[in-house]
Each structure stands twice: as structure tokens, then as C-alpha cells.
Amino acid sequence: METTTISPIPPPVAAHPLAAVRRYFGRWGLIAALAALPIYYGISDLTRGYQAGYVAGHVVMHHDLSKLGFNFAVGLSNGAIWALIAIGYTLVYGIIELINFAHGDVFMIGSFTAVGLWGTLGLGLTTGALGLIGGLIVTLIITMLVTGSLNVLIERVAYRPLRGAPKLAALITAVGFSFILQNVGLLWRGGSPQSVNDLIRTQQAVFTIGGVPIQRGYILAFAVMIPLVFALTWFINTTRAGRAMRATAQDPEAARLMGINVNATISLTFLLGGMLAGAAGLVYALYETNVWYFQGFKAGLIAFTAAVMGGIGNVRGAVLGGLIIGVIQALSDSRLGPQWTEAVVFGYLIAIMVLRPRGLLGEETREAG
Amino acid sequence: MSELRALLREWRAAAGKRLPPWSSRALAGFFIVIGIVLPFGFGSASGFMNATIIALAYAVMSLGLNIVVGFAGLLDLGYVAFYALGAYSLGWFGSGFFFKAQVHVLVSKVASTLPGVHLNFILILIAAALICAAAGAVIGLPTLRLRGDYIAIVTLAFGEIIGDVAVNGQSVHVGGGMTLTAGNLGISAVDAPYFPGIGSFGLLDLRPWYWLIFAILLVVLFVNLRLRDSRLGRAWVALREDEVAAVSMGIPLVKTKLLAYAIGAAFGGMSGAFFGTYYTEVNAGQFQFGFSIFILAMVIIGGLGSIWGAVVGGMVLGYINNYLIPDVLNTLPSKLGFNFQLTEVEFGIFGFLLVIMMVLRPQGLIPERRRRLELTAEIAPADAQLAEAPGTPGGAA
Amino acid sequence: MRRTSAIAALAAVALAVVGCSSSSSSSSSGSSSTSSSGGTVDIYSSLPLQGASTAQTDPMVNGIKLALSQAGGKAGKWTVNYQSLDDSTAAAGKWDPGQTAANARKAATDPKAVYYIGEFNSGASEVSIPILNQAGLPQVSPANTYVGLTTNLPGSAPGEPQKYYPTGVRTYLRIVPIDSIQAASDLIAMKQAGCTKVAVANDKEAYGAGLATLLELEKGYYGVNVVSDTGIDPTAPNFRSYASTIQGEGADCFFFAGIVSNGAVQITKDVNSALPKAKIFGGDGVCTDSYTAASKGGVPASIDPLIECTVATQDLAAYPGGKAFLAAYQAKYGTANPDPYAIYGYEVMKLGLDTIASLGAQGNSKSAVLKALFAIKARNSVLGTYGFDKNGDTTLKAYGLYKVAANGEPVFLKTITPTKTVS
């Protein structure tokens, strides 16, 4: 129905006074919810103290923040792994508005590939340091290529034919592929978690800061994540292909009109996301010394929570979200008990959805505002 | 190909015109009779009967999810939560789990001597439906302002939380030495259904179980058919198609959406209670995310939004999962020279089915009329008045 | 409604087609001759044949088949048709309740079935015993140790064991001593190893949780200080927070009550990282090479010297039929040192065959076999002489303590016969 008035397009969010209050409350409410755990346990550690050992029949209580610091160290390193996976989710969602359910399982395939390559390259517990580093770099490169190609393949086979179809169809296809990949993992290494060699002695402390032992695993996680994130950000911001990605994310039709090969750009996005997931898979295998065919599903949910928390479509947000979720997990593991950690993380996801669906760093959109 | 389809449609329409008006009712009655006498054709405890009972229970569950995802268009990926709550309703109110209580209502003589809460199965069905309806409304609340993908994630999160509570409920004490759930140990030896006059169902004769679930299916089908053609059903479809337009036409958004969640959940709970008593135990390991996808696959493969599609989808996947793959075809790969059994690739087969369905026939086996219009270019002559303006973003198949 | 009629017709046709096709069992049948003397009886075994438990169940099935082949595939005048059923699923990697129930129902509705060997996991038996009880089918487990299945000793849940026997008649027996004895043996072993503070972790299943509970209940009898009993999530990627918690408790010994598939290897690795000198103990659920041998997916070889575990099997050479069994097993399967559970598979099948044979013409009657089993008071077997008490529990009361050899396999250390257990 056509109107004859030339009123401006109404703002996407109603200009209701309460809405402004809700938005303010939403952002600070979320930050308060996130900070609640560390602050509470920090204060509790300082005042009530925590049991740090047993010497000659007496409980040794400490009253400092080093246990909290330890939680943070563990959390940030785990979070670095989730950040790498979350970037894949956020890139894909930003460009084609699809939750790539199979992304977590691509991460799992990355882990499995890495562990398989260790066997092929002969990396074991007795390999010398130089051989180990060389072997791991080769593993990293090959794994990233494998998972990147896998992601591109999935996009080509499953998502591209359904680009015009309702969103539900693509989502279901993603779930279907997730199941297929899980079955591949199941046949590859069986149904129970499999212990793998602790190649880099991941729990060995390298140095100590303020009573918190900094283990090799933490350094590994950040040594892989930081360069990759920088490289990706540089790529998106400076190169032509990166500009094409940003343009397609903003408006695919206009990008096509400007001469950008949208199909190739989307494939490139999937390639980059898959490569990061592969890197995360290798780090996970080295860090946890344990792989499982179902790990991708779990990691995928956590990483998606992280991406949403940071603001979907936003790479910096994905990294921030990943780190935050990692810390929440570590605190929950250590203080509440590991059996409740998953419920806590999902509780936070629901809190985000209620308080601030666009996440911490996200922009307001018509749908999710 | 489309000419052949048009020809078939014409024949069907012509044949339909020649039948008397009561023909569809008679046909329905005929199939109900077939359903009732079916067990007499098979062994009373054969693998086929077992698979049929499970398939019918899945059909009930997929009818429930069909209301949420199909009618109201709310993508719910956490439906396993209602299966869990339904099964636990049975575990709480139909077994010796709460051993400090001594509540017996219309149960068999044997069960009335046992400690715990023992209610008649019909009462438990009602309790399961009510509990799940309440839970459905609670789960639906945060999703009211969100759109499709986010609803999926939030419902998935709720499903996982309920799964966690099921596992960890073992350590949640509710007083008197009793815990909330039995986690992975499972609430075992739950009551079998008991009807005064018929007695308690045994574990060896599957026929009473079959008739029970068949009766439940008929009731749920009836409710679904009435809902679809009711004001509420039409409100759901309106919300699904265009929320803004629906709201501006006066449809109460919150109430309609919450009712969709609640009613869909109630059916899931009823089916969950039946599963709990049929499997004779309620074990937290039964409530995994994969189950939600399984039920969603039934609805989608059957045809989103279509009642008969949900039934067919539920039964087909139930048979494939519980009969075809483990019993009939399990040794097929080894016969072909491979080193694995078919049950090991069950996951993959389901994933493959989902992908194939979405790529080839996204409207499902028995599409709902509107969906067929959306997703394909066909417009049957009888549906001409339902046709929307050309240029809908369909044409995927 | 016209469309629905067409679909319903199609569905009915499909049902008919599917229903008429024969269903094959997911199993392998044993030897069955076409001799015309006497009829056939069916014997079923239901064990987890996928996942980490196969390290124990594959040798068990081998033992079963060895006993059957030594008897020529017959029990007296009856020809035995043996089916090995799998109660595990690939997705779970261990036993599954739905699959267990399906196996039990299959055997329960078979009129020719007279003997059911199963289950391996105590939690699985909780599912199958009620079903088989209703059919009156004798069930003998070669490995279940949870006390609540046959007794109401401390450590069992309220309502046990009656809730597993809806007919009121016992149909379940087992040839391994129950966990009240195993827990006492473990406590003795830990005391002898010099443990001052023991941290226990259990996998929250019937067997693991039950064993951990009994350790707590019996610790006072042997003066062992159990400082904590924690239920763990078997699928957690690591257990470092648990390890640091018990490090804070000052534990010097760690006991894992559970099966290998439930994170046993990972938790041991993490505990060893936090407490490199702590000794590691386990029950029969982990006393197998899929836990102890690095090459089979177990813990690294550096941890092996710290491990001790208990299994019902004692020194095979010391058993009356032990040497003969080892020789026959090696001749048929080529393994010189089978898993400790192999001989239990052998004995559980031999028990069934001998009982059926002793009944002569009554050998195909479930109730006769059941009565005969419960009447056994002194049976000479490869495991020595034993009988069954009125609960169906064996009169054997000793456990074997094992340590890990250089090649990663568990080897017998000594026999432990506890004097005091809960009652």
C-alpha cells in the first residue's frame, strides 16, 4: 500500500523512554553480571582465604589473589582457543547471516588431523626440542589447510545452493553436516575421549608472576592466537580482498553491483574461519592432551556464546567474548565445580540474550536490538 | 516431470470429486481399525512391535515440536528438555525414587505396597503435560524479542541446561536423603502403566503398550487438528509469516507465542513420560542434544507445519533408527566388505538425510500447503486462492 | 483428508513390507551342529563390545567361545546356539540403557533361551534384571560387583534389591565377589602401600559410585583416611581443577572408582601432573591394558609403576584349571597372557553348560536350570571350588592385587582375602 506522506523512515528501535533505560541497564547489567564472579571470589579469597595445601597435618590457608590469578591464567588461555573458533562463527554470520553449526566440528576435525599428523611425522614424547617445534609448525600449516578447505567445501556443497532459501533450510543443513563430521570423528577415534601424548609438557611452569605459575600451555595458546588475530585483522583492514569481505558483510547486493565477486568472497571468509578453527584444534590437542569426537559440538556452543557476547559480526568482539567466557569457565570449574560450568556458561548466554542481544561491542541491528 | 505431477493431481482431484462426502471420515476410521488390530499380525514382543511403539511415541513428540517450529515458526533446538521433564515426571511420580513419601493413587496392588510416589499413569501423563507446559512458557519468555537464529541458540542453551540439571541432580538434595534426579545411575524399575480391570503392563507382552501409545497418538492428533483450524492455530501461522503485520492486526504476540511453546512442550512431555515407563528407567544419558536434532529432523523431513507430515516423519525416522539400521541393515556394510556396522554411522546417515532433504526437497515429504507454495513454484488449482503474490523468495528446489 | 488417505495407505504398505522382512540379530552365532539327538537351547551373552571395555570383554567372549568349543558345542544332549549381543552403542562408546533393554527383551521372548550371560556393567544389569526376571530366565554375570543388585547391604540404595525382582523370585547370580569385598581389598592394599590420605574419584555410575561409597563405609575397619569422594564428569576434557583441589587436601594416594571409558586415563594423567609421587589405585573397572598400556590408549608408561588395581582373578597358574585354561587359550587365540577377565568368561559359560548337561532331558527348562544353579554349593571349577548363597552371590571371597609390568600389561601381585566387610 503506498502512502503519500514523505515521513522519514522511523528509527529501528522505538523512541520509548523506557527503552533508553533498558539499553543502559542492559549494557551495565551485563558487565555487572560478568564481573560478579571474579569480584565475589576475589573478595572471598582475600577475606576468608582458600586452602592451599596441607603441611604436617595442618591446613594451610592463603589470603592473597594468586588463586584468582591462577583462574584467570587458565581462563584466558582456554579463552584464546575459544576466541579462534569464535572468529570463524562471527565472520560467517557477519557475511551471510548463518550460524555455521558445523564450525565446531571442523575444529574437532582439526584436532584429529593434528594428532594424526603427530603420528605420521613421528612426534613423540622423546622428540628433541628442535624437531618438536619444526614438526608442530608443519602440523599447524597442514592442519590449517585441511580445515580451511573443509570449511570451503561445506560452504560450496551445502550452503551455496540454499542461499536463496529460507534461513531454516541452511541452518538445518549446517546441523546435518555437523552430524556427518561427528560421525567421521566417531569412526576415526571411537566414542570415548582419547588421551594423546603430552608433547610440550603443557603443565610445566615456565615462570611465576605473583604466585601464579605461568604454564607452557598458556604461552602456547597466546603465541598462536595473537599473531593469527593480528594477521587476520591486518588482512581484513588493508587488503583488497578484506575490503571486499567488509563490503559484502554490509550489503551483498551493493557489493555485487560494485563488481565484487561475492561468491569468491564468501568462500574466502569460510577459508579463513576454517583455518583459524584448525589452529585452535592443534592448540586444543596440545593443551588438553585429550581429543573426543564430541568436543567440537561443545566447543562450538561455547565459541558461539563468545561470539554473541562480543557482538556478532565483530572480530574484536569475538576475541573479547572468547577470553571472557574462558575466564568464566575457569572460575566456575575451580569454585563451583566442573559439573556446573556448562550450565553457568549457558546461563550467561541467556542473560546476554535478555539484557543485550547485540553483545558488548556489537552495533544495534533491527532484528537483534 | 511436472506434467506427470499435474496429471496425477488432476486424477486425484477427479477421483476425489466422485467419492461421497463421508469418504474421508470412513477412511480415517478404517485406518484406526487397522492400527488397532495391527499387533495381532506380529509376535507379541518382536523387534518390529518394539520399533512400532517407539515410532508412534516419536510421532507424538514430533507433533509437539511441529506446533512450535511448524505452526508458530519458532526454531526450538532444545526440545530434549521436554522429553527429559516428561520422563522425570514419570520417575518422580511413578517409582520408588522419593522413598520417604508414601503416596498411592490408583495403582496396582504390588505398587501400593512400595515406598515412594506412585500415581496412575494417566495422572502422570497429565502431570507431565502441565509441568512441561510451564517449562515451555518459561523457556519461551527470553526468546520473545529475538529473531530466528537467536531463538535457536537460546532454546539450545536451555536444553543443555536441563540436561546438566538431569546429570547433576544426583547431588542436589531435596531433603530426607532424597536427591532431585539419579543422574547417570538412572531411576530404574519405574512403574508400568496400570489400569483397573486390565492390570499392570508386563515387559514381555508389548501389545498393551502399543494400544496405549496408539490411543495417546490419536488424542494428540485430534487436538492438533482442532488447533490447526482454530483461531489460535491461525494466529500462529500469521505470526510465522509476518510478525509485524500480525501484531498490527491485533494478535497478542506474547500470549500466542507462549501458548505455542507451552502446548508443544506438553505433547513432548506426554511422550517423554511414555518413553520413561517403556524403557523402565530414566537415565540422564538419554537426554542429549542429538535427540533435539532427531525430533527436528522428523518434523522437517515430514514437512514443516504439516500434521500428517510430522506423524509420517516421526514414524519413518523412528523405524529407520530403531529397526532398519540396528536390526535389518546392520550387517550390510560387513556383507559389502567393510569393517564397520551400520549403527556406527547412524549419526552420519541422519546428517546426510537432513542435508539431502534440505537441498532436494525442503518442503518435506508431506508439505503444508503454504510451505509448498513458498518453496516450490507449484500451485495446485485447489490452492489458487491461497497463492501469494509471485516473487516470493522460494524456488530453492 | 484425501491426501492423508493416500499417505496412510502408503504407510500401511510400508509397514507390511518392513514387518514381513526377517530381522537378523546383530550377533554371531556359536557352533550348532545338525545332530538329531536332542534339540537346541539358546544361550545369550550381552556385553559391551565397543569402546574401551573391549579390552576386557573381547577376551571374555573368547573365553566363552573356548568353553563352548571344548564342549563340542553341546551341553549334555542339547545343542547350544550361542549369540553374543552388544549392549553398547558407538555413539556412547560404552553400555547404553536402551540397547541393554532391547537385548534383554530379545532373550526374554525367546522360548528356547535357557541361560543369559550378562551384564558386564552393574548399571546395565539394573536395566536387564527386571526384564529377564519377568521371563524367569536365569542370568549370570561374570563381572557385576555392585552390592545393590543382590543384597541390601550398606552401599545399596533404598528399595534394593527387591525392585529388580518384580516376580519376587531371584533369577540373577554372579561369579565374582561383590564390591564390599573389593573395597575392603583395596583398602588393605592402600594401607599396605603406606597411604596416609586417599582421594577417591568416581564416575557416577552404579559400579563406580557404589565402590566409592563402600570405600567410605569400610575405611574405618582398616584405618585408611579417605579425605574426599568426588563424582566426576566422564567427558570433561581435563581434570586439572580436581587435581589441584586434592593437592590442596594433601592427598598422597588417588583411587579411581569407575570404568576406563569414563575418563580414567585423563584424570590419572592430571592427578599425576599435580601430584607426581601419588600412588594410583583402581578397581576391576580399570584393571586392564586399555588403562595401563600407553600403546593401547592408556596412561603414559611413566605412571605405570605407581598403579595398583584389584580384579577378582588371582594367579592363573595357582587355579586348579588355570594352566590348562592358559594353554588352551593360547592354542586357540595365540595370546599368552589374556586379560584377567578371560577366565571368567570361560567359567561363566562352563557353569551354564555343566548345569544344563546335568539336567538331562530337563536341560531346556528355564526354571529347572534356575533351580539347579541356586542349588550349587560346591562346584569344582577352574576358579576353584565355590557355590552360590541364597542371594545368588558366589562364596569366593578373595580378590587379586595387580601391578603393571614393563610392557604395560597388568600382572598378578598377590591375593587379598579381607576379613571384615560391611554387613
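All chains are identified by letter, namely A, B and C, in their written order; residue positions are counted from 1 within each chain.
We take it that a contact is a pair of C-beta atoms (placed from the backbone, for glycine too) under 8 Å apart; a residue touches a chain by one contact, two chains touch by 3 or more.
Remember, it's a predicted structure, so these values are computed and weren't measured experimentally.
Novice: Can you check which chain pair, A-C or A-B, has more C-beta pairs in contact?
Specialist: Result of the comparison of A-C and A-B: A-B.
Novice: Measuring between Cα centroids, which chain is at the maximum distance from subunit C?
Specialist: A
Novice: Among all chains, which one's averaged Cα position is nearest the averaged Cα position of every protein chain shown?
Specialist: Going by the distance between chain centres and the overall C-alpha centre, it is B.
Novice: Take the average of all CA coordinates in subunit B, do the same for subunit C, and state the distance between these two points in whole angstrom.
Specialist: Measuring from centre to centre gives 36 Å for this pair.
Novice: Find the geometric centre of each of subunit A and subunit C from their Cα atoms only, then give the gap between the two centres in Å, rounded to an integer.
Specialist: 41
Novice: Between subunit A and subunit B, what is the separation of their C-alpha centroids in Å?
Specialist: Taking the mean C-alpha position of each chain, the two centres sit 33 Å apart.
Novice: Where in subunit A do residues touch two or more other chains at once?
Specialist: 186, 339
Novice: Which residues belonging to subunit C are in contact with no fewer than two other chains?
Specialist: Subunit C, residues with two or more chain partners: 50, 89-92, 231, 233.
Novice: Of all the residues in subunit B, which ones touch at least 2 other chains?
Specialist: 167, 171, 290, 344, 346-347
Novice: State the interface residues of subunit B toward subunit A in the complex, per the touch definition above.
Specialist: Touching subunit A from subunit B are residues 75, 142-143, 145-150, 152-154, 156-158, 160-161, 164-165, 167-168, 171, 289-290, 293, 296-297, 300, 304, 340, 344-355, 357-359, 362, 374-375, 393-396.
Novice: Would you pull the subunit C residues touching subunit A in the complex into a rising list?
Specialist: 50-52, 89-94, 197, 231-242, 244, 247-250, 260-263, 265-266, 269, 273, 297-300
Novice: Which subunit A residues qualify as touching subunit B in the complex?
Specialist: Interface residues on the subunit A side: 93, 97-99, 158, 161-162, 164-173, 175-184, 186-187, 297, 301, 304-305, 308, 339-340, 342-343, 346-347, 349-350, 353-354, 357, 367-368.
Novice: Can you name the residues of subunit A that touch subunit C in the complex?
Specialist: By the definition above, subunit A touches subunit C via 50-55, 74, 125, 186, 190-195, 197-198, 203, 284, 288-290, 292, 294-295, 333-334, 338-339.
Novice: Would you mind writing out the residues of subunit C in touch with subunit B in their complex?
Specialist: 1-8, 11-12, 15, 18-19, 21, 23-26, 50, 89-92, 96-98, 101-102, 105-106, 108-109, 123, 126-127, 130-131, 134-135, 158-159, 163-164, 166, 204-206, 209, 231, 233
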